[in-house]
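As written, the chain order gives the labels A, B, C, D and E, with residue 1 at the start of each chain.
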């Protein structure tokens, strides 16, 4: 299956070609080059999936390619390779497909932009990195692509580099994830130090004695392994925008909308989920505490983000918080999952990842279609767009229904499994998840009604439907959002790579649909027509509402830490210290030398008799000293 | 002829003379008087040489010769020194050593 | 006394002969041709240098009063070269109307002093040593006052002659005491026990020599005399006079006073630290270049003592080697000062601002000279200094070594100040471009070649080392 | 006390006193004359030690030569009646301290040394012996120093002339 | 012969430059000479790899011993191991690009290029010599031209900086003298002393001796490697130096420190290194994080880079002190990587400065729009600096961290984590600079007329970037030849 290598090589070469020739390449050519390559890659990815899932009965890990890239010690080395197992194959499919759609969409969306070629170059770099990440054979390879993903995200958020907000957002995204990666790296070092390997097949092997041995060494009440996994999860949390490392994601919406669709909704942000899934056997067998942490963070973010999403007015930010919330679902599912036959949560998480990719990408592309038409982001300035953009309206509605968990759309099935898993684990988690489901339905339909219904606003230009090249990807994704839920996901993806038979839990399904409908109804009442109900409601919850609008002041907290503490209390003092203490000390030695030199100048008084006096006393002194010391 | 005088007494005389010369060199402000001090010091050394000859190494007269040469050199040195003094006097109209301090520090 | 035996003394004979030729020339030459005496003197000096390098006889004469051996020959040759360089540098200065009818006296006195140097190095008897020392000094004291119309010159002469008389008196007192304890004035059969009287005698004796080398605290005359004297006399003082004293110091310490090695090591330990440090501290604040080089040469003397303190063949070799390097480096620096001073009358460091713009070659020579003095590779000074450090490390005096290396940093600072003036600082009225005379150029070229080659060409050091091993 | 001892101590007394006067007298010409006395005392001492030749040299060169030189220079550079300034009290004090200390130190060392007095027969220093030795070139011969000092004297002469000689072209 | 010509060629080039007639000739000569040097270095690499793959496993290759001062046992011993080859390669790349980066020097071009190349000669000599004395000679030879280069062609308070830099480095080398002589006189190779590193490595120096001379040697080299708190020459020196000098200085000269610490201090006195490492580990880990945090408050581009160099070079010494092969391998890789990227940085800063006439970050902005080529290069340099995979910095840093973490001791791992935290801070300051310098709206109207890179500037930057990228993408060969040599040094 060495053609898998091509899936990675194609976007990489597009990146190099477009990147080096960015000044000289015609836009259309560059665009089609990128899209065409991605098309081929997509076909190959689907082929891989077909071969992997349907040509063999058991889903063994296959490594079709591996070279040694860097050797640290005799045992520790970084290999570059391709590891195929159910989740990586699934991710390959998701990434290539969504990428292809976004590429196509971007051809229209970005038309006429000055940095068109650069854009596709970066986008290809992202696809390459993301693909490399999911097929990584070892932790370090994963970490490398992880960083590359981070940097391509940085580049794409900062695509409009002359917009200060975009620059700031890009910087923020990179630094926050970098901070998380610091933990990740330490985790990797810790793990590899004890196990002597980076290799996934060895680390995740439940029989690995070295890994098991790590549980015996404890540090501050937890085993070293737990610490390592928590640190690794810190990396995942950073990339997946889990609380409290989530602050970069809303700002990241400064990037072009297709970028948000691809990176900050469908693929990159789920890398954290993927990471935990990749390491799942270790979590599950040896470090249940770490898994609890995953579940807790997931659940908290899920609710937290959903609440904020209800109060936001920027169309993309709402979607961003929604993404956070949905990833919270996935994390929660992983956190509550068991292994093997109890691995419903794992499968559910992956399933949700899969379906979410479709409808969230679709939501973003739809939002992009709207922004493209209006050049506005604020939903309060939109309304009644269903007249102007019928196709967008329909696909957007489908996506909303999917995310809200209305059967038979894709989100319903995956969310149902998550709720079941949560219910099986801990009722509180179930309650949180259900509440969040209601909120999800509410804020999505708040968005939907405000944008597509409500009152007609005055637009500078009459909004128009997007060009076909943008519509096609949306329609394809809409189809995916409708039907993806019917895939018997447990048959393909499970924690132990053995088919897991899942079935619909009717009670939970009913509850979830009910709460979703409740949310939709409230949204319908509040927002289908212009009404003051929402304001009344927000006034009722005054402080809470305000806090939620301000995203619970987490940004301010970070700003306080970075600006006030690090910059003002650490960096400046250090700079001062360096200049006025250390440097001054070096100068001081020179000053002292000069001073001494000046003070003793009287010795050379010009008086011959002084000279003779010193001469004579010198002689006598030496005699005296020598007589004393030698007798 | 001096068998009744202990050598220590002679050395006391010469050393005293030597240091008196040094005192003169260090305190007199007139350059010529400083030179007088040096001559005293040299003279003391001469006596030293001669004394050691006679007391400690009676079979030698090396010290005697040494003294002889020192006298000659003292004369030469004095001649040059005085020439320089006079040259200075021509230049600055003074031979006060404390005024010879144009160069210092 | 056969001719062969005379050949043993050929350095001295040659010099006496040269001095006589000059004397006759001075008397015989018509006044209008007096200026040619400069060329004659340079030629004669060159002859002396060449004679010095001819294969030689070794041995002792006059019952041991005069001794020579390959090492002493080498020392004399080094100093002879130095004198040749100085004479070459003096030519244009002495051609001035102000001095030209006294120029032959300048050469005569220089040669007389050089005779003293040679006798001193070859002395095998305290009397010869003393005579050599005085013969080295007295003519130079006269030369220090050579510039009759400058009160500074007279002042330099006075400070030199009186200090030197004072120090000789002390030195003689030391010799008399040593004589009392030993009963012998020949070096050959000189045997010293360690007793108080010898300590006293030695230290008095040492201080007289240290005065010549300008070791702190016997150095105070140095700067004033260097500043006031004519530049060429200053170079003579700083290189030849000092060098000869160092050579004879090494010889007497390693032979005569070998038995009280521990004593003189202690003395040198303390004084060399003082010398380096004080020399450096004073050099930092000088503006007058001659005064500046005076203090730098004091500091260098301190460094040289590092080799002496080693008390073995290695130390001796490093000292002699360093002196060779020092001759070239210091004379190059003095040559530049001389020619610049002659052309423009300017002497302070600030005057040198922007010199590179107008006189690049001179500036480069000066830079090489200063870097060599500072011990920067690949110039000879680096090797010289490193070997001195090697010598002191061999003796295990690491504390002394540490102080010494830190002192090199300070010394680098002030050498760089001059380099900075020439190359970096700008000047609205720089010293105008001028051409130096041929004699000066030859001298500077020899110096530069010496600076560049002496280090790389290792046989020089190896030769010295071998001589010292067999000394 | 033997006669010779009495003579010695008398001479010694004269030498010390005149030395002291020579370095403290405020009349410069007198200082020179006191020096003369001190030097003459030394010559007397040499006579006592049976060094007639040396004593003669002492009288001729030192007393006759150097002192005369000194007096000439005094006449050239100072008024005879001029009294020298008194040196500053502080200077006198610290110098005296140093010099006395030095004297103590030196005497401490010298007097503590056990000189083994020679018992060999005393060598004669007659003029003929001196003449032979001065021209001898074997061990104990001083012909080389004799030659060297002649160069030195010549050099000193030239040196003195160089300084004294006034240039004809410039006044 | 190959190695000898590595120092002969630059020396001859410097000489030829001094005799050149006009600026154009000077530049042509320098460029030619340094191109030959670059080719030679690659040829050396090729030969080295060939020998190694042919199974030649001697410690140093192409070595020879030329007697120089036999009585002091000084000989011109030369030879290269993998580390030297790598460092030589780095040096020739940096000096090659340095020549092109200073293409616009007009004032006394002859002297400028001659000094620059003499400096490089010293560095090359340092890397090939195996004799402590000769090594020291080349070391000082490399330092002194800095004074003139900064003093004459520098900017700002150049005289102060030049003097400070020279004196501090010379003070460091003063300590080295003591160290070298101490080693020499405590050695006993067949009954005599030796300066030869290979011979000395077989000595078992007594512990008391090592305790004295290890710190002297380490600090001596550490000063030029910007060891905290002896780093303060670096910011002032860099900020005043002309472009190529900063490149060469930060890129190569500072590496002499790390190289010397490894090849002299640690190689010859391993026991003391082991015993005293903790002291210096604290200092270096401090300098890693201190330098990085110190950058944030800086506003001058050169100061920013200088402090970041303190941080990165601190990492080199930090890794060496871990005394294991992996970390030391990382240290050497970091030297190379930092050499390349900091050279790139300084080159770019110089190029920006020559256009905007300011180095203050807050006075510039939006350069990406007007100077896309330079800006992209700057971004790449920044990414390399913050350790992006695919660029050389990542390889180096990760090797260091993995290696350092292999130390079984708790203390070592804790300070490793402290050191690792610098990668976050690095990201912060790099992105801050990139953000305010290159991105955002164009701040100054006049900048709109700026011209992007010229051919020689492109050549310089592209060469450096190519090197950075190629190491970043395929590090194994480099890591392997270094590792091989480290085996000898650390076992």
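FYI, contacts are C-beta pairs under 8 Å (C-beta built on N, C-alpha and C of every residue); 3 or more make two chains touch, one makes a residue touch a chain.
From a predicted model like this one, the values you see are computed outputs, not experimental measurements.
Enquirer: So if I look at the partners of subunit A and the partners of subunit D, which chains show up in both lists?
Expert: Chains in contact with subunit A as well as subunit D: B, C.
Enquirer: Which chains, if any, touch subunit A and subunit B both?
Expert: Touches both subunit A and subunit B: C, D.
Enquirer: Which chain lies the greatest distance away from subunit D when centres are computed from Cα atoms alone?
Expert: Farthest from subunit D by mean C-alpha position: A.
Enquirer: What chain is the most remote from subunit B, judged by the mean position of CA atoms in each chain?
Expert: If we average the C-alpha coordinates per chain, A ends up farthest from subunit B.
Enquirer: Using the stated contact rule, I'd like to know whether C-D or B-D comes out ahead in C-beta pair count.
Expert: B-D
Enquirer: Taking the mean of each chain's Cα atoms, which chain ends up nearest the overall Cα mean?
Expert: Here the chain at the core of the arrangement is E.
Enquirer: In whole angstrom, what separates the CA-based centres of subunit D and subunit E?
Expert: Roughly 70 Å separates the two chain centres.
Enquirer: Measuring from the mean C-alpha position of subunit C to the mean C-alpha position of subunit E, what distance in angstrom results?
Expert: Roughly 42 Å separates the two chain centres.
Enquirer: Distance-wise, how many Å sit between the C-alpha centres of subunit A and subunit E, to the nearest whole number?
Expert: Subunit A and subunit E have C-alpha centres separated by 36 Å.
Enquirer: So what's the Cα centroid distance for subunit B and subunit C, whole Å?
Expert: Chain centres of subunit B and subunit C, defined by C-alpha means, are spaced 27 Å apart.
Enquirer: If I count partner chains per residue in subunit B, which residues reach a count of at least 2?
Expert: Counting only residues that touch two or more other chains, subunit B contributes 18, 21-22, 25-27, 34-35, 56-57, 60, 62, 65, 69, 73, 76-77, 80, 83-85, 87, 97, 100, 102-105.
Enquirer: For subunit E, give me the residues that contact two or more of the other chains.
Expert: Expected reply: 167.
Enquirer: Can you tell me which residues of subunit C touch two or more of the remaining chains?
Expert: 127, 131, 134, 138, 141-142, 145, 148-149, 157-159, 162, 166, 170, 177, 180, 196, 199-200, 223-224, 285, 413
Enquirer: Going by the touch definition at the top, which pairs of chains touch each other?
Expert: A-B, A-C, A-D, A-E, B-C, B-D, C-D, C-E
Enquirer: Under the touch definition given earlier, write down the residues of subunit B that touch subunit A in their complex.
Expert: That would be residues 22, 25-27, 34, 97-98, 100-105 of subunit B.
Enquirer: Contact residues on subunit C for subunit A in the complex?
Expert: 158-159, 162-163, 166-167, 170, 194, 196, 199-200, 203-204, 207, 211, 216-218, 220-221, 223-224, 263, 266-267, 270-271, 278, 281-282, 284-285, 410, 413
Enquirer: With touch defined as at the start, can you tell me which subunit A residues reach subunit B in the complex?
Expert: By the definition above, subunit A touches subunit B via 601-602, 604-609, 612-613, 616.
Enquirer: Report the residues of subunit D in contact with subunit B in the complex, numbered from low to high.
Expert: By the definition above, subunit D touches subunit B via 1-2, 4-5, 8-9, 12, 15-16, 19-20, 22-24, 28, 31-32, 35, 38-39, 42, 45-46, 48-51, 54, 57-58, 61-62, 65-66, 69-70, 72-74, 76-78, 84-85, 87, 91-92, 95-96, 98-100, 102-103, 106-107, 110-111, 115-123, 125, 129-130, 133-134, 140, 142, 145, 149, 152-153, 156-157, 159-160, 163-164.
Enquirer: Across the complex, what residues on subunit D touch subunit C?
Expert: Residue positions touching the partner: 105-106, 109-110, 112-113, 115, 137-145, 148-149, 151-152, 154-156, 158-163, 165-170.
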